[in-house]
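You will see chain A twice below: alongside chain B first, and alongside chain C after that.
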Partner chain A sequence: MSGGMKQLDLRRFPGFFAITLACVAVLYAPLMVVAVYSVNESTSITRWGGFSLAWYADVFTGPESPKFQRAAMNSIIIAVLAGTGATIIATSAAVAMHRAGRFRAKTATFALINLPLMVPEVVTAVASLIFFTAIGFSGGIGTILLAHLTFCIPFAYLPIAARMQSISDSYEQAAMDLYATPREAFRLILLPLMRPGIFSGFLLAFIISLDDFLITNFVKGAGVETLPTAIFGAVKQGIKPNIMAISTLMLGVSVAFVTLSWLIGRSGQKTQ
Partner chain B sequence: MIGTVISIDRVEKRFGTFTALHGVSVDIADNEFFTLLGPSGCGKTTLLRCIAGFEPVSGGQIRLNGEDIAPLPPYRRPVNTVFQHYALFPHMTVLENAMFGLQRLGWGVVDAEGRARQALELVHLSAFLKRRPGQLSGGQQQRVALARALAPEPRVLLLDEPLSALDLKLRQAVRMELKQIQRETGIAFVFVTHDQEEALTMSDRIAVMSDGRVQQVGTPREIYESPANRFVADFIGETNLIEVPVLNISNGLAEVSLPGGRAIQCPTRLVDATQGVLSVRPERIDLCAPSEADLIATAGAQVYLGTDIQLKAHLAGGEQMTVRLQNAAATVLPQSGARLGLRLEAGAARLLAA
Partner chain C sequence: MAAMAPGGASGSDIYKGNAVKLLLPTWLVIGVFLLIPVMLMAVYSFLTKEFRGGVIWEFTLTAYDQFFLNRGLFGDDPASIEWTYIGIFWRSIWQAGLATILCLLIGFPTAWFIATRDARMRTVWLLIVTVPYWVNLLIRTVSMKFLIRDEGPLNAALMWSGIIDAPLGIINTNLAVQLGLFYSYLPFMVLPVYAAVERYDFSLSEAAADLYASRWTILRLVILPVVKPGIIAGCILVFVPSLGAFLAPDLLGGAKSFMIGSLIEEQFKGAAGNWPFGAASAMILMAIVMIVLLAYARSQTRETRT
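Let's turn to the complex of A and B:
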């Protein structure tokens, strides 16, 4: 990271290697178990019976596959819509926070945008449920969509605001100096420069929505499932290895999206 | 003034309780290379931003060919800016950058591209049309910024310290080129700099600014040789400032008493004063025999400057003087501590307000 740290090299601290190993094990061993047993031949979830992709086939063609496919479709629709909505709102917020100059309650606004990151998720879940019940709104997928849209905003906001911070306002001034109206300056100059941040924010919001269980479980209408709630429902009736296969697939998608989000964010920085 | 393109009339600019511009008035002529010169914080950049429209004025008018443009947003003002750090659009090619202003003005793609190519040719960048700004050197980026701002043929081109990001060698070459481009295009340039050498070599006229006020407007020669006040004399070039009693003033000529008692006559703008400051440029002082000298001094340290030699000298009252002697074969340098006679060349001294 930083130079001049030679004398204080953390890697030479006693026990550094052991602690690192312990942390990595605690974080990733369960995921490894799931991934390994997803290619297990046997129906047991604890005994190894040889390599097989049968459970992956079961996910797509087995008796439970229609249920999972419906749930996956719901998850993707919600994630795309909530991610898009959250990204638009977060982009507007980032532009306002960095271009409106100093305004009253700017710090409070910043806190408000990021508050959902700090509030315990179960509180948000209960609050959302009470709110939807109070206004008598139970639109099945609609309640999930609204709740996701809300908690995805801060996740979309972070990379967009980080990007926005690095864009000097002299670009828009140059555009307006060259006869661009404020609208044109935004569309032709600021928006293209913000694009890597916006992509990154969307991907993050998308994946957060796709993975959410807790809030979804509280606000979802009867009979509407997303992939995480469907998995939870299936697990309650006993864990079959097909759950491991689905979980591994979701893990793969999450890792891919987060990596993509990071790569886009980084490439954006390089062109600056 | 005949041929005035832009007339800055009692422009005020306040940021909260801080006043950046105190009723600045300046007329800039068509075809003129006009420089706003001053130390940082003097208000020169603020004035430029007021002309461009990035800062709303707190009072006064900015008239472009007689029309007050102060209420207009930047995109309705026929002036263009070369930014200090260029602000080239990084996601566009050099050609697209140069076409941007024309297209916003409603030009078709073919016409806009033709004009943009001309502008880029003017700055010798025809070989780089398809490059992105990030693939160019600092000097090339500066040219793109110039071409981009010139392409729409503005009535006035504003330049905000455009050379400050370049290294010294390049800066000197670009100066001459910039001046030449101004001559070729006939567009009035308003150039902001804190570098007096830049200002003196390039400008037709200079406005010296400090503390949000214009201290003097004039040609480089006028500014240097007839500074209006102590600030200008001190800021532009090197000078010796000597406090003197004034014996009398009439018709722009003052009679003052030099330290040591000798009385001399010198030009002044003052009409009435008993005390003043004499400004004498170091290169306008000669060494001579003490018997014929205006001032008697003691020789101090010498600094070798190549073409010149700088000599420090102390007057009896303790005032320090700087003398510049040409490094010629005949120049005889006094020993440190030697008694010196200093003679002020005719017209070398100028009386300023104390």
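Let's turn to the complex of A and C:
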């Protein structure tokens, strides 16, 4: 524009920056407060008694530590197994959806993959409990694992399918023109190209499994706890400082994972 | 970016004929462990209650009758409408709707602000907004409870600064649940709206400005209609999980802020539960969610057709 009139900056709206800051403040304030109080010396969770890592020591060596450690172990084992299983299933599904041409059940399959995202969590929880009870599976690691495997599939599928969308099949076609078998073309060409998507898919599934409380709480049965159900049980008795230390540790793990997934996503973009 | 093959990568048929083999695990796992369970739940909602929890295989409409109708203490009074459960559903819809509106009011300006930064700052801001989404929902809800308790830091700070002289008493109220829902699902609004604003073509705004439209007129008449699909997607992503939320009402609310999630959960806890009634409540919740999703799907197809 060459006019003498001062150009209106159409990207700016007064107040939007302030609202963004408020939004970030709302998102972080509760987490920050808990992180600050987790290093509070005092046994009272309301008064500030000076800096101390005592509650972190309590998490690892205190009277409740065996319970939380067993729960954390269960959570990690379930998240690794369910995440891996869901990633393998989702990878296979993504190859079929993007490399098998047109087939009859394609739309129905797409709906089925997304079903765990559409059914409200509490409904999935109830349905799983009823199903496992009806077929006589008693609650435990096994039922938790099967439930997690199921709801992790769409979360693993999303990044893998997004990645597939941008991989042209000309590389595989070229390999097959040079007498690679379809199996070799998959292993040597397609799989390496899919890798960043598969990594993000696994991380997403892993975090979603680790995050779940409601479905786990319904199907876990007596005696078996994951970290969220153990924390929920403890919180019901009142928030103690060791809960804040555990929360802060989990916050740290989540931040590490997001950063990792972000870095992998970025390296994936570069290699393309 | 790799060049797309003619016809697009999705149309490729290198593994044609292998679809069944590749999709069998997906069909089996989701089919057996979600689709069949949901169908079984539908059946259970028509069964008779067993007093120790569980069911007797006798078909009846008792669960739905109990949900909608009041037949008095002994079940022989003339039926009138039972408001207890409809009331809980109504409160849930209301709370989820309000959370959606609040998330939109805060989320839209935030998404707009982030999308109009340069590429580098955009990634930084996006990371800042997404990190809380990755933090365990239970941990976030507990953090909110800790912050707003009567003895918590929020009340302490307000009392110390002399703004109030007694705790606000937010905890265990509808307001606390609302705060929890808003806080839990805010990132779900920001991300899809951001994706829509990022694709927005600013020459539309320039054209409107050349025709003497004011900033707010442009927002109302040009920008909002263009980014509407992103806004609708964000609203659904907030509304649907808020409606069936369990943690926020359970940890932050009290007896008067009971929501659907807690109502259903209670029916499966111990001997006091009622499995058919819980299954029926879950069916009604799912019906509401499916109506919302179908309305969304229809608006999407209408959008693409025009």
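Note that in this section the second predicted complex is superposed on the first by the 259 of 272 C-alpha atoms of A that agree within 3 Å, B and C clash if a C-alpha of one lies under 4 Å from a C-alpha of the other, contacts with A are read in each partner's own complex, and residues count from 1 in each chain.
We take it that a residue touches a chain if its C-beta (ideal position, glycine included) is under 8 Å from a C-beta of that chain, and two chains touch if they have at least 3 such contacts.
Just so it is clear, the model here is predicted, and its values are computed rather than measured.
Engineer: Looking at the overlay, what does A:Ile189 touch: chain B (first), chain C (second), both, or neither?
Structural biologist: first
Engineer: First (chain B), second (chain C), both or neither: which does A:Ala222 touch?
Structural biologist: A:Ala222: touches no partner chain.
Engineer: Contact-wise, after the overlay, does A:Ile239 reach chain B, chain C, both or neither (first, second, both, neither)?
Structural biologist: Once the two structures are laid over each other on A, A:Ile239 reaches chain C alone.
Engineer: Tell me which touches more residues of chain A here: chain C or chain B.
Structural biologist: Answer, by number of touched residues of chain A: C.
Engineer: Quick check on the superposed pair: does A:Gln173 touch chain B, chain C, both, or neither? Answer first, second, both or neither.
Structural biologist: Both partners.
Engineer: Residues on chain A in contact with chain B in one complex and with chain C in the other?
Structural biologist: Residues 168, 170, 173, 176, 182, 272 of chain A touch both chain B and chain C.
Engineer: In their complex, what parts of chain A are in touch with chain C?
Structural biologist: Touching chain C: residues 8, 10-13, 15-17, 19-20, 22-24, 26-31, 33-34, 37, 45-46, 88-90, 92-93, 95-103, 105, 109, 112-113, 115-116, 118-131, 133-134, 146-147, 149-151, 153, 164-170, 172-173, 176, 182, 185-186, 207, 210-211, 213-214, 218, 228, 231-232, 235, 239, 243-244, 247, 250-251, 254-255, 257-258, 262, 272 of chain A.
Engineer: For chain B, which residues count as touching chain A in their complex?
Structural biologist: Counting only chain B, the residues touching chain A are 52-54, 73-76, 79-81, 83, 85, 87-91, 100-101, 104-105, 134, 148-149, 152.
Engineer: Considering the complex alone, what residue numbers of chain C touch chain A?
Structural biologist: Those in contact with chain A are residues 1-5, 9-19, 22-23, 25-27, 29-31, 33-38, 40-41, 44, 54, 106-107, 109-110, 112-114, 116, 125, 127-132, 134-140, 142-147, 151-153, 156, 182-183, 186-187, 190, 202, 205-206, 209, 215, 218-219, 240-241, 243-244, 246-247, 251, 260-261, 264-265, 268, 275, 278-279, 282, 285-286, 289-290, 293.
Engineer: Any idea which chain A residues touch chain B in the complex?
Structural biologist: Contacts found on chain A: 168, 170-171, 173-182, 184, 188-189, 192-193, 271-272.
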